[in-house]
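What follows is a short report on a single structure.
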Amino acid sequence: MADIVMKGVSRDYGHGIYGVRDADLEIRDGEFMCFLGPSGCGKSTTLRMIAGLEDITSGSLSIGGRDMTHTRPRDRNIAVVFQTYALYPHMSVRDNIGFGMKMRGVGRRERDARIVAAADKLGLTKYLDRKPAALSGGQRQRVALGRAMVREPDVFLMDEPLSNLDATLRAEMRLELVRLHREHGKTTVFVTHDQVEAMTMGDRICILRDGHIMQVGRPLEVYDNPVNIFVARFLSSPPMNILPATLAEGRINTEIASFDLAAAQKQAYAAARNRPLTLGVRAEDFYAEPGIGRVAVRGRLQVIEALGAENILFLDIEGQQIAARVDRRFLPETGADVVLHLDTAAIHLFDAETETAFARPDPESLRA
Amino acid sequence: MADIVMKGVSRDYGHGIYGVRDADLEIRDGEFMCFLGPSGCGKSTTLRMIAGLEDITSGSLSIGGRDMTHTRPRDRNIAVVFQTYALYPHMSVRDNIGFGMKMRGVGRRERDARIVAAADKLGLTKYLDRKPAALSGGQRQRVALGRAMVREPDVFLMDEPLSNLDATLRAEMRLELVRLHREHGKTTVFVTHDQVEAMTMGDRICILRDGHIMQVGRPLEVYDNPVNIFVARFLSSPPMNILPATLAEGRINTEIASFDLAAAQKQAYAAARNRPLTLGVRAEDFYAEPGIGRVAVRGRLQVIEALGAENILFLDIEGQQIAARVDRRFLPETGADVVLHLDTAAIHLFDAETETAFARPDPESLRA
Amino acid sequence: MSRASLLRHAALVAICLVVALPIFWLLRTSLVPPELSYDPRIWPEFSTENYRTLFAGNGFGRNYLNSIIVALGSVLLATPLAALTGYAFARFRTGGKAARFAVLATQMLPPVALALPTFMIYRELGLTNSLTGLVIVYAVVNLPFLTWILMGFFEGIPADLEEAAITDGATNWQAFLLVVLPVARPGIAAAVVLGFILAWNEFLFALILSGPSTATVPVALAALQTSNGVEIGKVAAGVALAIVPLMVVSRFIQKYLVRGLSFGGVS
Amino acid sequence: MSRASLLRHAALVAICLVVALPIFWLLRTSLVPPELSYDPRIWPEFSTENYRTLFAGNGFGRNYLNSIIVALGSVLLATPLAALTGYAFARFRTGGKAARFAVLATQMLPPVALALPTFMIYRELGLTNSLTGLVIVYAVVNLPFLTWILMGFFEGIPADLEEAAITDGATNWQAFLLVVLPVARPGIAAAVVLGFILAWNEFLFALILSGPSTATVPVALAALQTSNGVEIGKVAAGVALAIVPLMVVSRFIQKYLVRGLSFGGVS
């Protein structure tokens, strides 16, 4: 059992500056939890508080049911993988991996056996006697992982461990980390600023902003039901399109289109009537073809990003900038007038002032 | 007229080490050319040779029809935007932008006018009297652009100018650079290791590897007709799936599927018969639904990366690892048996030994 | 205030006293009549006699002026040379590793071994007992050290900056003067301050190469300690005055050196 | 070889001669009979008389041993202290900017001003004319400089490394000993070498605090230059021998210092 429970945890730097403020969070035993947010949002600070590398100035932290608010890092039985890998440059790969066991008094024979097993699992067997400086970036990353795994800690804490790798290697390591997690099944906290990493790796994701937790949930759950505009825009690329809107008599009115809501939507958005609203539409909810529940919008194509596998269109529609993600075969010329079809079942509605979302009905249920 | 012509250009570091070797390339007047490749491929070296910051040890370079092989950088009338921005830290934004004009003896009054105009275009008017240290990363990037633009050079050379920005800003600046290029219409060389930047910004892209130019062409042209496996895999994410294959009696045989070729394919691939081949299939050429010209493959789902807008499936099919990019509504469970449908019109064939591609017929023409 | 905090403050006060007491006692000794120098009372009587006799009787004003001329002169001569040399080492692989080592190696010779040859050469050239001679010898002796410091600063400036200036239309020389030098200002300031302090405090060469009219402050202080028994009051006054310019340059130290002057890390 | 290349090589040879000639002449003077020291011929006659009389008549062996004991002893005493202090400054914001400045400030006092008080204290303590006394004074005088150097090295070591060690189960003390110190080895080596050179070459304190049996090499060299007229042959022999240990430590310099010992750039 190594669940992590944070209650009202804050990191106060003095002078009214907080790294994290009043964070309540439960990370379940064996869960892969991603902390996601822009730089300075407090995600690394939170991880470091769990590790014991940063003081908790108020609130409480427990790991596996035991209070660890002020426990020394070495007594928490956690392992940290740092963004810089933080390998000991004067030690061989073997000694790097074995250092933690040595510190905890594991005998030489068992230490060697576990080092060899970990190296084997991570494909490091050939490099055991090298110094870190003689390894590539990807190999260093693996040594850092090996050093963490071999100790069999209760909790893995990873602070942007993939951000120093190139794109190809990053994609590979993403898969490998998920595979390793599935094997060892240990509670893992993974900090990242990359929404793709969070979406693809986390059992759940926790989105932070300015030291506050915005939303916690399963990736697709959060993607489909973001609690506010920040989460909605941060989780997709290109960010969700945002338009001023009004709702009157079951009809949404915006600069680019007006359309009637389905019955379930009318009911769900009852509270949104006659308030200043913001309509959110994801880029992939525009289509090249018409269809049931889709409404046509017409605009001038300003830029097209043809990525090969798909195209991102940037349109000017009645003065509004709209990004749409469409099939790769739809390839209009820049400057052309383009008609796209907005899937009205997939819209999001936010309060224009508080920027919080109104709960929306499941788009699939509307289509059924 | 500012076309750039390189003939047999090499950068020899001595001891048989080359930064770039025997590069032949024509960049047309007004073109936006992207140099793309992994780190160490020679793309930055080539840019620096065009700028005159790196010696050309053999071959010749001309800009706008004039030989510039050994011309000093200041006499080439080029402007360089550096990855680090390289703003002068002791000068205000105004003086940074004006430095080049000052060096070239432009009078104070005209200098001021052009600085103000450039600042206005880039949204820097408010920051003209600040030092670079007081600016955000995005603003510094704009100052670096302003400094390059205000001199009205013949050629813009940009060395990974977006790589120090965060993802959101990078996407914005991509659009802005394309917009600016469209306005000024000057020859631009843009170095990047990011295939998305190259695909979306370049009029043409030039892909390098180990100091050699692999392929030059329009982005979709190169994407659709890569000359070899390296280009094919480097240009997409996840990289193109690669399988050993044979071609006999108009039929492709692989571990995961066997299928008959269309008539046009048989003709195009005549030279490929009875040779060891490599079959290449892009992730987006697998579909969840059957269709004309599609052949079913069946495998076990190892990992699914649900990105919200789409899903990437990683399957084990007869021991082959296959990545497929499918619609976001196709969401099988990990470990499930999954049937996908491979679009046989979209395949690529490579010689297994030389890794070079056999020219393929247009997939659209096969479908018609 | 908690008890722990009280204890901590008491400890800090004690440490400050230990550090400050000698300096206070120096001032106190210089500002009481000479016959009360060893008096146990904290401040029996105020008197500027020590300072007056130091200047009137011992001609300390002359020594002070000499020191200022020599220290400033040598640093103004050495710093531009050190800047050019350091820049060449930092950017152009001039002389390679061997030349860099040679710069350091000069710092390892015992100064005593250089003093005699210098004296002999100076006698030939008629430079003994001249301020010009001292300016030259300090500039030469400090040049390698200043070069080394400035080399480190120039290495810390990204080559991008010069390349930007050059593609912006500057000549190499303009890039150095308009971009590199201003950016290296903290380093130049550090070099000037360090060169000044080294020359101001130097004793051995000053002793051997100066004469009565060209003696510098350290030589004068040493003379006070040996000539007439030890005139402790005058020595205290002289030391207090010797520290004054160091206090002035220390303002620069706080501004530039504490941040800029750290030795490079592990590569 | 092209003509330009020939010219370049000729220039290099000329420069080498200028640098190497004094060293060659030093050796030559030390290895001819004393009466031929000023002989204009390149090498009229080989003789080790200068060395023999230096050791037999002047007891140079004693001085040499003294210098080695004092330089080694002081550096072994000062370096561990400097490492702990430098680490505290680098990691724990100990004393803040003021304390860092205080470390630098100690380097600004004219050594001449410290010499007399030290002599008076030492006389009370019975430490004059003792090697122990010299070891202590050199350790104390060099401590701030060594602290500053090591502080720079420790600052260059990412805090990540210690955090990794601590989460790996090490105590703070283990993290320092097992991770930080080994990584800072080039810095420690630099500090040891610099401390040794400074102590080996120091003249002023050695002159004032040592006696006949505890005189160090620089004091002995100075004595040769003044006692009996200038015995140039013996001086040359003494200087040649004084340089030997510096040549030995210079191997470390080449390995560690040239890379590691550059002053930090602009922040």
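Order of writing sets the chain letters: A, B, C and D. Residues in each chain are counted from 1.
We adopt the following convention: a residue touches a chain if its C-beta (ideal position, glycine included) is under 8 Å from a C-beta of that chain, and two chains touch if they have at least 3 such contacts.
Just so it is clear, the model here is predicted, and its values are computed rather than measured.
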Inset, instruction - Return the distance between the CA-based centres of chain A and chain B, expressed in whole Å. - result: 27
Inset, instruction - Report the inter-chain centroid distance for chain A and chain D in whole angstrom, where each centroid is the mean of the CA atoms. - result: 56
Inset, instruction - Pull out every residue in chain D that's touching 2 or more other chains. - result: 183, 266
Inset, instruction - Give me the residues of chain A that touch two or more other chains. - result: 89
Inset, instruction - Specify the contact topology among the chains shown, as one of line, ring, star, complete or other. - result: ring
Legend entry - Every chain pair meeting the contact rule: A-B, A-D, B-C, C-D
Inset, instruction - Spell out the residues on chain D that touch chain C in their complex, using ranges where they run on. - result: 19, 22, 97, 100-102, 104-105, 107-113, 115-117, 148-149, 151-153, 155-157, 183-184, 186-187, 190, 197, 200-201, 203-204, 217-218, 221-222, 225, 230, 235, 239, 242-243, 246, 249-250, 253-254, 257-267
Legend entry - chain D contact footprint on chain A (complex, rising order): 51-53, 72-74, 76, 78-80, 82, 84, 86-90, 99-100, 103-104, 147, 151
Inset, instruction - Would you pull the chain C residues touching chain B in the complex into a rising list? - result: 158, 160-161, 163-171, 174, 178-179, 182-183, 185
Inset, instruction - Would you mind writing out the residues of chain B in touch with chain A in their complex? - result: 38-39, 166-168, 171, 174-175, 178-179, 193-196, 199-200, 219-220, 223-224, 235-239, 282-284, 303, 305-310, 312, 314, 325, 328-329, 331, 364
